[in-house]
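The structures come next, written out as structure tokens.
You will see chain A twice below: alongside chain B first, and alongside chain C after that.
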Partner chain A sequence: MLKNYFKIALAVLKRRKFFTFISLFGISFTLTILMVTTALIDKVLSPAYPDYRRDRSLYISKASLLNTKEGWYNGSSVSFRFLNDYVAKMKTPEKVGIFTFSSSANAYVNNKKLVIEYKYTNAPFWEIAEFDFLEGKPYNEQQVQQAARVAVITDRTATKYFGRAEGVTGKYIELDNVNYRVSGVVKGIPRSNRNFYGEIYLPYSVSKNFNGMAGTTGVRDLSVQDRFIGKYGAVLLARSEADVPAMRAEYAQLLKKVFKPQTEYDKLYIHAESIVEGLARNIFGNNEETGIVRMFTFAALLVFLFLLLPTINLVNINITRIMERSSEIGVRKAFGASSRTLVYQFLIENIILTLLGGLIGLVLSSIAIYMFNQADILPDLNLALNLKVLVFGLLLCLVFGFLSGVYPAWRMSRMNVVYALKAK
Partner chain B sequence: MIQLQNIEKVYRTDTVETLAVNGINLNVAKGEFLSIMGPSGCGKSTLLNIMGLLDEPSSGSVSIDGQDTSRFKDRQLAHFRNEKLGFIFQSYHLINDLQVLDNVELPLLYRNASSTERRRLSEEALAKVGLSNRMKHFPSQLSGGQRQRVAIARAIVGRPQIILADEPTGNLDSAMGNEIMDILMSLNEKEGTTIVMVTHDEHMAGKTHRLVRLFDGSQVQ
Partner chain C sequence: MLKHLFKLIWNKRKQNVLFLSEILVSFAVIFAVMSMLVNYYLNYSKPSGIEYERVWSVSYRNPLKTENRDSLSLFYENIRRALKAMPQVREVTYSSANFPYSGSVSTTGFSYKGNNLNPINTYMVEDDYQKVLGMKLVEGRWFNSDQDRLNAVKPMVINTSLKRAMFGDDAAAGKTVQADDEKERWKIIGVVEDVKADGDYRPTGPAFYRKIDTASFSWLGNLLIKVGPDADAAFESKMSKLLSSMMQNTDLEIRHMDEMRDSKNGETIIPVIIFMTVAGFLIFNVALGLFGVLWYNISQRRAEIGLRMAIGASSGSISGQLVSESLLLASLSLVVGTFFAIQFPLLSVFNVPAGVYLIALLLSILFIYLLVIFCAFYPGRQAAAIHPAIALHEE
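So, the complex of A and B:
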């Protein structure tokens, strides 16, 4: 029975090549876009090298000071003082990593200029981020306190600067006329991971305008901007996932304690939040709410609309095909097919068609992802078709096949035999 | 074998009511070869469709093999048609996307038959109509006479007790028509299959046991 359905499904597909092409193109193209997009989102959002513990981490990247009466605000990254003097001293986090977002500096190799992106970090940064050290080791707390001129570089930087990725530990790299001793080489990460990306990592204490800021106690004497706004961000690692709410609560308390509304600015926002919340707030939210509900609603709506197009297209094509096949339907009924059997046959045919489209979509996705990786559009960002995405895709195909087949099949099965046989 | 009692069939549109079949009473005996004749539009095909349970009468009852079919539901009807009836149509109604063998096999798909059993029976049926060498062809590769023989093979593959043929020779020249007629007559004689055939052709009708003439939906002979 199934074999017979399969034969007729293939025959019908072959008969109307243009319709088949349009159906398959619609299904496979939709699926390809969906799968590449989900692979990309999956890569950006799910724990990935070197940030494996996202489920128990909160991230701080932005500070905003507002004057709501006059409607102006001052916002940027966060000050080192706030992060180091307050956040790093919180009780619930196991560790707090502090870092700048990368900026660029110049190096020269054989009189050729190299632009290298550097990132300042504290020592716990290396304990939170689980970098693969190809050789050497990170700088430690003592080296940071002593403002030692040491650096961790990526394999890419090593190759660019030294011409090789190995055996460079202990050598010196000159950046904006300052020499740093390489203490270790790590495998590089994609730029899309802003919190951890850099081409060279340096202790924050060697930064030019640092000047013994660490451990400053006279915070209150500084202007309110200088107290909160700066160039840094932080990652707070809780001891366990269950500790995250407590960590949020302690952080909220801390914010209340350090900032009191004043004439110049009456509101301060520095959010400590998960990657997804951060993303949602950036696109859909504001300082008061994360916009996470809006983001998911929007995403679901988008996927739904995106799927609706090929589904409607398929329903249409299927109805046309039924009219063409009314003689076959009449014959099958005359020779003993019940309406239910016919619905079943037609659904199976449709699912075969969509699965075929899914298969093509899968091949197209693999090619697209391969090309994306080959083209090195985002260095070190290697997309992969993961199992989740695959299962999701197949499931979508089945839903597609089912939805776009049910209505036409139902109409077909209700066709009167005599009428079906006459229509030619 | 087939009992029609007071069969009426009315087609209604918004404005017109057409009486296609009017008060037909007809008994077809087991093993009989009956032909139905009449001018176009006299209700021959409608009557045949009612006998074949493809169409419902507006009133009256159809019994086949002693069973009143008026209360049958969709699945029972399908099952009954599959077991007892075989159809032959003027325009063959083969499925062009399927090979000859798959076309013949069709009625057996709706029974519990294994694929080897289905294949064996289909090959047998094709042998009976002399088309053993065309099993892997598609309908479009065959002549009209050959297509009708495939249709006959399909009608007999499930060994139904009754075959209903709606102008089986209508689209064929007389030589081919005679060939088809010979096959039907031998089925009737050798296997005892009851056959009801609608035809326009006096010569063909003359070869059957009994002739029924219709005019404007009523039986006149």
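So, the complex of A and C:
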């Protein structure tokens, strides 16, 4: 039976080439956009090089101090002091990586200016992030303690600065008028991974501001802001996925212990959370709630609205097509086919059409993704069509085919036999 | 005639529901795109208010541990002198972090004569700031330490937007003002042209400029330098070396203002390009769909058309009727669409001026009409070419 429907569907498709083109264009294009977007989102949210262990990691990136009475707000990244003195000493995490979010500095080679984004990190950062070392090795705890001027650079930086990506270990790179010895070269990562992205990685102890930090001798006293707000972020790696709730609980305890409401500021928020939570909180949430529900509702609504236009279009065309076949329907009805059989047949036909469109969409997506990767729009961000994206695409095809097939099929099934036979 | 057309449409209401909703949704998409484009274009057509070419910014962190005004002043004046001694340097000024295109924002708000003004950008500047950025004065003068010292009231410079909000069309320079509920009095010494500090496509808002005092050097972190045309990377490297030898224990970064402007503009343009590509393909999709449906409808009505031609209708009036039928249909959708669209200026959504929405509304209506005419024209011509004898014979 299915085989028969398939044959009919193909015959109908061939009959009206213009309509077939419109339908297939609409379906394949819509799916291409959705699949490329999914691939992009998947790349940003799923575990990828270099932090493969996102399911047992929590990230800290923002601190905010509030005075709820006066409406004062003071927020930025987190202070090194808070992360190093308290968070790094927690018991549940296996390791705590501390880093700055990258900022840029200038290097001058051969009378050319290079802008290089640098990131200060501690030593455990290298154990949490599983970087591919093309050569050399990361700096260790001892080097960090001694404030050794060593650096890990990415292959892109090596090519920019030295003109080649190999054999640069042990050479010196001058950044902002300071010489650093290259201790290793890693494969670069895309900028979208804000926690780990950098073009050159340096031990936090060589930071020029580090010795002048508030609280060290000779500098003004520690204020509340200095204690919590700074330029750093952290990643907390639990021993296993099951340990994550315990880690969250310990962190909440710690935060309560460290900060007591005071006259200047009565609320402190520093969240340790997963990547998805952080993203949702940034865009849709606030300090009290993550806004994950709102984010997914918004995304679903957006996809729905985006699908709406092609769906209406497809419904329009489907009705036109079906009305053209009214004599065929009339004959089948006259010979006793039930409405349900007919609806079933048209739905299947329509789903075959959408799947065909989906196939073209898949080819178009691969071309779009290939072009995106080739054009190097976001350096080091290489999209790929993986299984997740494919399943999502297939699901979309089915939903799309179903949505755009139901109404025309229902209209058709209610057609009166006499009129159907009379038309032509 | 119109009544007759309405009757025809009403008789086919079931078939037309989808056509109507398709037009409605495309109208919504076009209205969104048009609003965005009109808004950006209107902002783009205004002057940028500064000369950003060959202006470099240097960011640093105050490395001094002292709070003493004299030693701070001595240290930073030394740096200024050393920079000015370089042949390629034209002008040097210290600035708060929120200089144009920096992405950093500092705002405040006050009410003046019961008129609540919020947010207002505030900039901390020096005498040479105007020269470095080439800002244009509309009235009065810029800061000048020799003259300002004579005033008992603190001087401030405001921009055109703030002037308009506070004084309307009256002159502002020379007036002494005091915000409601505040003790401090300020003397407005000049009015400058608005500066598009967030890039060429972003609106300017009200802003005022105040002078840096020597105590501010403990938290300031930016230098703006106007350089000559002969300033190249070799010179930049030299300047960077000089600055790091004079200011130790701080990160330094030199950036070029024209590049900062490009990246600021990119933040606006890239989403627009993505949005327009998607909308463009959606509309193309709709156009093909409309074309197909209209074509089919007309081929269904061959008998009717044949009859009309047989009793003497010209081919022009046939295609005219078909096109105007489609236009009438589209108008029904547009009435509904306009009802929703008009809420945007009424509720002033997203703080965009009402004029933007109105222009966008007109453009979207025009666009939809053109789209429908374009899609209906060819099928209409086809219908007009029908031979009455053949069409009637089929029946």
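By our rule, the second predicted complex is superposed on the first by the 374 of 424 C-alpha atoms of A that agree within 3 Å, B and C clash if a C-alpha of one lies under 4 Å from a C-alpha of the other, contacts with A are read in each partner's own complex, and residues count from 1 in each chain.
What we mean here is this: a contact is a pair of C-beta atoms (placed from the backbone, for glycine too) under 8 Å apart; a residue touches a chain by one contact, two chains touch by 3 or more.
All values derive from a computational prediction rather than experimental measurement.
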Chain B versus chain C as contact partner of A:280, first or second or both or neither: neither
Touched partner set for A:34, first chain B, second chain C, both or neither: neither
Residue contacts on chain A - larger count, chain B or chain C: C
Chain B versus chain C as contact partner of A:153, first or second or both or neither: neither
Touched partner set for A:268, first chain B, second chain C, both or neither: neither
Which superposed partner A:185 touches (first chain B, second chain C, both, neither): neither
Which of chain B and chain C A:236 touches, first, second, both or neither: neither
Partner chain in contact with A:313 - chain B first, chain C second, else both or neither: second
Touched partner set for A:338, first chain B, second chain C, both or neither: first
Contact residues of chain A, present in both the chain B and the chain C interface: none
Chain A-facing residues of chain B, complex: 49, 52, 54-55, 74-75, 77-79, 81-83, 86-87, 89, 91, 93-95, 97-98, 102, 105-107, 109-111, 115, 154, 158
Sites on chain A touched by chain B in the complex: 1, 3-4, 7-8, 11-12, 15, 327-328, 330-341, 416-418, 421, 424
Chain C residues within the chain A interface of the complex: 15, 18-19, 21-22, 25-26, 29, 61, 63, 65, 67, 232-234, 236-237, 240-241, 244, 248-255, 278, 281-282, 285-286, 288-289, 291-293, 296, 300
Contact footprint of chain C on chain A as seen in their complex: 18-19, 21-22, 25-26, 29-30, 33, 103-106, 108, 111-113, 115, 176-177, 207-209, 211-212, 218-220, 306, 308-310, 312-317, 319-320, 323-324
